[in-house]
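Labels run A, B, C, D and E following the written order; every chain starts at residue 1.
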Amino acid sequence: MSTPVLRVEKLRKTFGSEIVLQDISFTVPEHTATVFIGASGSGKSTLLRCINLLDQIDDGVIKLDDHDISGADIDPDEVRKKLGMVFQSFNLFPHMTVLENITLAPTKVQKVKNEAAIHEAFELLDRFGLKEKADQYPDRLSGGQQQRVAIIRSIARHPRLLLLDEITSALDPVLVNEVLSTVRDLKGEGMTMVLATHEMGFAKQVANEVCYLHAGRILEWGAPTAILEDPKHPETREFIKRVHEAGRL
Amino acid sequence: MIENQGRRIGDNSDPAPYDFGGAWQPSEIELTRRVARRKRNQRNALIAAGSSAVVIGSLIVVLVTSPGWIALRDTFFKWAYGVEILPKILLGFTTNMTLTVIAGSSVAIIGLMIALIRTSRTPALTPFRFLAMIYVDVFRGIPMLLVILLIGFGVPALQLKGVTNNVLVLGTIAVIITYSAYVAEVIRSGILTIHPSQRAAARSLGLSHFQTLRFVVLPQAIKRVTPPLLNDLVALIKDTGLISILGVTDAVRAAQIQTAKTFNYTPYVMAACVFLAVTIPLTRATDRMLRRTLERQNAQGQA
Amino acid sequence: SAAEETATESTTDEAVICAPESLETLTPGVLTIATGEPAYYPWVIDDAPESGQGFEAAVAYAVAAQLGYDQAAVTWVRTTFDAAIAPGPKTFDINLQQYSITDQRREVVDFSSPYYKANQTIISFKGSKLDGVTTLQGVADAGAKLGAAVGTTSLEVIESAFGLSPAVYNDNAAGVTALKNQQIDGLVVDLPTAFYLAAVEIPDGIIVGQIEGSDASDQGFGLLLAKSSPITSCVTQAVDAIRSSGELANITSQWLADSAGAPVLQ
Amino acid sequence: MIENQGRRIGDNSDPAPYDFGGAWQPSEIELTRRVARRKRNQRNALIAAGSSAVVIGSLIVVLVTSPGWIALRDTFFKWAYGVEILPKILLGFTTNMTLTVIAGSSVAIIGLMIALIRTSRTPALTPFRFLAMIYVDVFRGIPMLLVILLIGFGVPALQLKGVTNNVLVLGTIAVIITYSAYVAEVIRSGILTIHPSQRAAARSLGLSHFQTLRFVVLPQAIKRVTPPLLNDLVALIKDTGLISILGVTDAVRAAQIQTAKTFNYTPYVMAACVFLAVTIPLTRATDRMLRRTLERQNAQGQA
Amino acid sequence: MSTPVLRVEKLRKTFGSEIVLQDISFTVPEHTATVFIGASGSGKSTLLRCINLLDQIDDGVIKLDDHDISGADIDPDEVRKKLGMVFQSFNLFPHMTVLENITLAPTKVQKVKNEAAIHEAFELLDRFGLKEKADQYPDRLSGGQQQRVAIIRSIARHPRLLLLDEITSALDPVLVNEVLSTVRDLKGEGMTMVLATHEMGFAKQVANEVCYLHAGRILEWGAPTAILEDPKHPETREFIKRVHEAGRL
């Protein structure tokens, strides 16, 4: 097997005296999706932020393509050029049109020519059925469209790895669907991904591996069917049951 | 328990279900309701208009029938005299406006830089952050008059080579120093209200710290604090006059000179009018902008 | 003839040191004189010192002439009180706007010898608390509120002569307004100003009386110059010269009313 | 692809899964990382501290070695003289403080009322709303100095029976009138930022319009605009001095009298210090409050 | 059959030139729940706001207990004493504790003695398992707890009719459950309710009648099973299908 895109080893993260992540180790091979599930506050967002170097870790190693990106002398901007990240909300820049949002990083960071960036942006928008929204401001889009634009924006930079943090949790159920299908398409194209989500549909449809995070530790992991339908650990079972009960329909 | 009144299921004879047509006529009950409402509103509006007319009217009557009214009118509202000296006040007002333009643009730049230093997070900048904080606190806390005096008269006293002792320049510098402190605070509060996720999103896209500020944080922050910035602009226009203590003639000082000459206060009233001619459009614009911002904000999550 | 001789001698003497060619003025060959804005009657008539009309305008031209500057070689500028006394380079060579000479002030600026010594005078209006008062004690007992402009010796007089705390105004114009509004009962100004204000600006204005020798530190009005100005001694000589030649007395009697017109508070 | 490093499924021997114990020791790699980080931070801090020391140091050197330094020091920083006249300045400052207290509390009430009128929606209040708008625009737009002159000298000129000509009272009224306009604007903007759903929720509970204002809208609005209100308080403290134009002696005037007497500027410096002693604690408090508000706001929806 | 609690006849509502509600007629008998479903912007919130007299209607009649509450001379405050309403968000007053939130209306509007109001508030909080949160400020509660407090607050006033506007749409699916069970309990106690919701679970479990609102008109109505499982109208079918697809799990 080739080297994994991402390898996290014994990662530890504290906020003051609170230990938020402890002893987290996992690998993400190329063209696979790893989905983190877990209760609110279990540390999913923090984990993704650590991988993206937005938070500084307190121990452990993070390797991207076998290259240690957690060292003290690493330039985060260089690392982030290889990573894409979409957050739960506040993703798009409200003062820029959809097109400007998408072309900002390519033109300013990768120094792509303006026309080339616009051309690629339109291709992407077209592929995801958002071409006619190119000149709209984000507040004119539905929440689902906003998140799809955020995904397009992050893949316009051709990242090695895409980090998606509960990108549907602020959406109406009706809107979740379109975002889900976008992510499924990306998976089909071979994008390597790490996701945090409450959506079991997501987990089922795109995950190669599901990890259950509980109070900062990975409590259980495995194939989606194994974790979602036959969890071993009582904590996991309890969580899955609660989610099932709350299931809409 | 839907009652089958005027509605048929599956009636798709309409070209589109969204089309409500022009067929609707207000019902009887609605018409009476409207009449009742209109009557009540008219009555209330009448009461309000009446009461404010009474208040204003009686104020005017008290004013005009007061024993000193003639004296007051001659001292404060001698229009012929006012018009006569208006050119002098306008000439003085050009000083206010020139100063506002020069000081305003400098303040924008310096205030922005101080705000950026104060909102920076790098530990390396801690000493600068500390200095910026002291700067802002001191110059917000001293009456500007004193700053103008200390700089306008203090710097020339140093007799530094190559340093001007032009009071206009020094006074402008004093104004810039003081207002930069005010504006830095306003911009800083704007920067702080930008949600941290916006920064995170920008950094995630690989934008550098500076690019994040330049393309993401500042455009939003400045837009948000435009109303208070415009307020500061109005205040600046009014405060530029303080440098008249250094011997520069602004609109208020021009009025003061006239008043001192003739012992008549009409020039002050004229000066007030000149200021209003500039400041009122500004405050109206501020107001409109504020309202628009709020409407947008409140539209989100409307229940 | 001998007297004539000395006069010419001294003139030539001065010419050596105190002539436009050798005086280190702001602009060589030009004497820059400052006064207030506006300048008041009777110190300057119609706020136009260039005309030479008014007491201080006339004194200024007399001093200038004594120093060897003709009318055309004099330029006028205006300064505020604060600008005049600020340390650092000045925008004028000499400044006259009723600056009283005191030793404290001498630490910061130079003064010529005095060109006029005015008594401080209280003005009021008919029917006020001060109407009819003739003694200093009477003023103090009347429970009157007195006002004066900032930067004048009038201010100190109110404290030193009556032990009252004054209402302090930016200028006499504000003081007059306050007096007209009966916000104060009396305004303290120098005598020449008092004549003018009581007669022209205050309806039913009266002069209550002069306060004689009330402030020991006040050595009279002097021409103000920058500290250690190179021309101070020349200017002082010039003032002394017009005084001793009687010209100053002529100017005084031409522009300033006789102080005998105002009663003296006992 | 979880690697089975140091973790066993179902290992329930821990008393609680939340307990991470004290067993953790930083790894080798973490330790080297920390050393490297510490070194870099120290270097950066050193550079920053060094550069700011150089900047400040050279400013001081330029100041002290300038030809006029001795003259400047004697004119502006003659401490012995400053201490001597400090009591007079403090006496003047009591005027500023008294005025601030009286005017401040009146402004709070009047400003609030105007803000309420301006934010009311009943059509019946339209005339009052209009008047309030004009009031605010006019008094925000005129330099306060002019307002003080017009009221302090204008009202007595009317010779109205029963109306005072006390300058302190009239000056205070002028200050109140002006600042009420400022404060009304601040409170209004606070009221407008309260989400309409809060009003709707209160009305749905059956609260009357007044109760909704009293218990729901105002407590939140005032809390939100406390920082700008405190800013206005600082400005008020500084601006109370403007009524000295009417003949009242405040701190700045007291300093001016001394300066006019001795032609020495130290009294102004002393006055600046006296103001700072009051305003700096206020600005610090404002700052803390602002930061707390923002932290709370940004905590919501943190990505 | 006794008179219905609520009877709406031919209600019409416009915002400027936009017709938001048209020809809306329905009745809500005592002890029943009527659930409005429909796409975003179909007018659900506006309908509830009209019933609560927060918006002024443009035609039609609204009767509460056979008493016309849409007349020009009606005092809305009097009407609202009989109605409870909970919104999608921004319900609780953030500057008051949970207890203060609940006792505000009883003490200020109904002029109940303070002790009595507190006593009843505690009873209600106890019943819904929120007793220990009484002294907390809303921002310390989870979204689900906040909505439950909002419901408690509105029933503390013993309303004749409870209006619930998408009270779970801003919640994580895990939290929806607890709110749902609270509403189910209320239904069991005989509370008369009108709900707007995206949650099909809600509709199924509490509705006596479901109305599908489309572009301001009631397009289809009937028993929950009929509407949700076998919609007649193609528009309704499309909507239900979209919701199903988006279903979480």
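The rule is simple: a contact is a pair of C-beta atoms (placed from the backbone, for glycine too) under 8 Å apart; a residue touches a chain by one contact, two chains touch by 3 or more.
Bear in mind that the values here come from a model prediction, so they are computed numbers and not experimental data.
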Shared interface partners, meaning chains that touch chain B and chain C: D
Required steps from chain B to chain E (each step between touching chains, minimum): 1
Centroid comparison with chain E (C-alpha atoms), farthest chain: C
Averaged-CA centre spacing for the pair chain C and chain A, given as whole angstrom: 83
Rounded Å distance between chain A and chain E, as computed from the means of their C-alpha atoms: 36
Intercentroid distance (Cα basis), chain D paired with chain C, Å: 45
Sequence positions of chain E contacting 2 or more other chains: 49, 87, 89-90
Sites on chain D at which at least two other chains make contact: 68, 71-72, 75-76, 153, 156-157, 195, 197, 200-201, 265, 301-303
Per-residue multi-chain contacts in chain C, two or more chains: 82, 86-88, 170, 177
Partner chain E, residues of chain D touching it in the complex: 195, 197-198, 200-208, 211, 215-216, 219-220, 223, 296, 300
Touching residues (chain side chain D, partner chain C) in the complex: 68, 71-72, 75-76, 153, 156-157, 165-167, 244-249, 253, 256-257, 259-265
Residue numbers on chain A that touch chain B, as the complex places them: 49, 52, 54, 76-77, 80-81, 83-85, 87, 89-95, 104-105, 108-110, 139, 150, 153-154, 157
Chain D-touching residues of chain A, taken from the complex the two chains share: 4, 9-10, 12, 19, 22-23, 25-29, 32, 34, 45, 49, 58-61, 70-73, 87-90, 165, 209, 211, 214-221, 232-233, 235
In the complex, chain B residues that touch chain D: 41, 44-45, 47-49, 51-53, 56, 62-63, 66-69, 71-72, 75-76, 122-128, 131, 136-138, 140-147, 149-150, 153-154, 156-160, 185, 189, 192-193, 195-197, 200-201, 227-228, 231, 234, 238-239, 241, 252, 265, 268-269, 271-272, 275-276, 278-280, 282-284, 290-291, 294, 297-298, 301-303
